[in-house]
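I've put the structures underneath this note.
Same chain, two partners: chain A is paired with chain B first, then with chain C.
This part shows the complex of A and B:
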């Protein structure tokens, strides 16, 4: 149901956000989004293999200040390890190369390929570290609130909020349908054909059942003047200090200046 | 009808309440498909559904929001592929407008078109942001193609397409089946319902 977005009413959302007291937790979510954007630009637009790693080190240091380094490392390694393995494997062995190969234990490795893999691993690590720092420190309720305070259309914040509330509901419904079909003797393993046939009696009731509420919710929204234009008051206000807006502007200018200098300086 | 008018008609309140449900269906059906170990992702059925019922723009928004929210609550990697999910919704909506969701065999064509468009959007992101790597077994195909002389771009597009085209065909067929199974009264609450209703009888 559509309701005033506030922390007290919000049920347990699926969210990666942790509790903490560091500066990263206190910044306005929009400020953090801007900083993440700057980090992404710097990670991907600066040539060379070491700048992304420098950025990554800075981000890891910032995580440490906020006592987030362990949590960040855990999440990051899970994503980056398979990527790094294939990056070094594929580009080390099969990169189109200009110079003589680097022979290691009888295997020809490409110098350029390894450097490319090192650069890409650095870029992905830096980008992931920045984005993970954002999601680890930003409760989804705060994000929605900050977005609507900055004038994001209510439709967008409604979509985010409703989605987060629906995820546990639909997962529970899917589990219940699965139990019911299994009780009737449906098999969920076996040959490919049997598994495809197992999916249909799960998917159709799930979709049709969850669509039933759609109309009702639309009526509820319209009855509460969801479509009315103009600012709406909220029970909670997020701090949005002038100093942070200045910080955002400064970060953007510095980032763009760095990129311009590196490319054309 | 001008674009502004069309958008206003497409994004009715019912469309708006359908989109979150569709996003969650993307996620949950995707999880079901991997739970029963199917070789396809099936994580864009909701997006295609919205595209058929409410047009390409609503489909685009559904796709983009799916990946952004997924990035927020699961892994930021998903957010990098938000443009791909958006293109899936956009192309599915255009296919629906051209009447490609009127019969099961046309839905297969729509699925193939969606898969090809999605692949061409995914490849630059794969190559420039991830060095051509997915971090899964599919990377061995890329390695093999590189070994046999393809360049990275060509190798990645073949890898991506071989996964995406069958997946989108299966998704389009399922979405077609779901739209047909919807009660007519419910279907006609949506802005683009006329397009499919006649042909499904």
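This part shows the complex of A and C:
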């Protein structure tokens, strides 16, 4: 008998995902992934400076509905503010000027350059907002499970999950190697040259150790029937309603139709 | 594990049959295994002893099919596990008969699962075991190994000993006919080791064949049915623990002796051990020997 595990009782794992009850949390991860893909296509393929900002406003509204606006803003602003500053600065000063420049504090700025910077900032903001909403509402385990349920090959879901989990392991090992080398008198602080010199005794054991581990890991996977052909099963099952599959198709059709109309209409 | 396992004498073929096995790793001037011949009855609990580089790990890999399928090299002879010839059958088939657990528990964690329960399920998912059956088996094996309270913890957040227990559970849940452990209790404390030895003994009594490369001689003396000693890739001793662990040849091949043998040997020098008794290998024999001497005085 199939047992459906609701997301609220799925164990939480170290990721950026927050706990919540809004619709963004309840959607199947594959549905969310499709909607993010649509948002990225719309943000980057629709010409003009305002469509990305319109999309961004819609995403901010969706975040507010799911009580995620503050969390989203905190993460987004950290990335977007310095990026926007450089975009406006560089394109304002160096973009090709077709019309009369805009003079600000005695500096001539290109109107076209500022509009381009506005468009790019909007596109990046919309893309980041969509991606962050996905990350904030989707535990990695759910994503892997959903991908697996939709027929993604086990090797691909394995690579995603293992990469996410093994990175902290590698960081821990690098820290341990660093400590060991320092304990043996190696200086890792100080001038740039000294730091560069210290890099090799840190990186080499890390890389070689990881390569040795790969062999054992491969055996461990083989021993647990990872490559055995035939149908697979899953301990958990995520809800995957037909309505969400329809939503995905509809979103894809509307996105592609909008792009076609805008470009060739 | 299954209480309904058929009696041992109902199986005409040995669980493991090795005939004149020779194996040398590529670019190695010497053979890792040479002239190994071995027949292991179903439901046996066998310990493999030997110094470093004596061939224990290589034998473990050969008994699970990873040699010659994973480790290529100069292979000769025949190995049959559960009636399957390891040279002609695919590794996919062989891993469903024999399971291998090795020393470093961290490398046995799949890395793709986020809780202990999910990690144990990994192999069952790969074999397509139905969810209800999977849940039942996971609960059973966690209870058996004693990690039920860790079920929802991340495998990476466990101690080395707990990870070792997880590695054991993750293989035991597959219910292999042959269970091979290559120094798999090294990360466990003495109580944990005792518990695992006792569990393996219990599993062997239900029909699972257990082969264990180990160094814990005291536990081997108590729980195993048979002990093999390897030296430079060859079997130099093969017999019941009582006989093999008392052999002076163990010292020669750097395996050592049980602490009871060492104590009795020391006692013998000042008349503290009866001269007419052979050295003990286990605790009870040692106690009996000392009591016997005490009663004579």
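Rule of thumb we're sticking to: the second predicted complex is superposed on the first by the 250 of 265 C-alpha atoms of A that agree within 3 Å, B and C clash if a C-alpha of one lies under 4 Å from a C-alpha of the other, contacts with A are read in each partner's own complex, and residues count from 1 in each chain.
Definition applied: a contact is a pair of C-beta atoms (placed from the backbone, for glycine too) under 8 Å apart; a residue touches a chain by one contact, two chains touch by 3 or more.
The model shown is predicted, which means the values in this text are computed figures rather than measured ones.
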Partner chain in contact with A:166 - chain B first, chain C second, else both or neither: both
Superposed model, chain A: greater residue contact from chain B or chain C: B
Touched partner set for A:198, first chain B, second chain C, both or neither: first
Touching partner for A:140 - first (chain B), second (chain C), both, neither: both
Touched partner set for A:222, first chain B, second chain C, both or neither: both
First, second, both or neither for A:206, with chain B first and chain C second: first
Touched partner set for A:189, first chain B, second chain C, both or neither: first
First (chain B), second (chain C), both or neither touched by A:237: second
Partner chain in contact with A:131 - chain B first, chain C second, else both or neither: first
Which superposed partner A:83 touches (first chain B, second chain C, both, neither): first
Residues on chain A lying within both footprints (that of chain B and that of chain C): 13-14, 140, 158, 160, 162, 166, 169, 213, 217-218, 221-222, 226-227
Contact set on chain A toward chain C in their complex: 1-3, 11, 13-14, 140-141, 144, 154, 157-158, 160-162, 165-166, 168-169, 213, 216-237
Chain B - residues contacting chain A, complex: 11-14, 16-21, 23-25, 27-29, 31-33, 35-39, 42, 45, 49, 61, 65, 69, 71-77, 79, 128-136, 139, 142-143, 146-147, 151, 174, 177-178, 181-182, 186, 189
Chain B partner contacts - residues on chain A that touch it in the complex: 13-16, 44, 79, 82-83, 85-87, 89-91, 93-94, 96, 116-117, 120, 123-124, 127-128, 131-132, 135, 140, 143, 155-156, 158-160, 162-164, 166-167, 169-171, 174, 178, 188-189, 192, 195-196, 198-199, 202-204, 206-208, 210-211, 213-215, 217-218, 221-222, 226-227
Touch list for chain C against partner chain A, complex: 64, 66, 70, 91-92, 95-96, 99-100, 102, 104, 106-115, 117-118, 121-132, 134-135, 138, 152, 154, 156, 170-171, 174
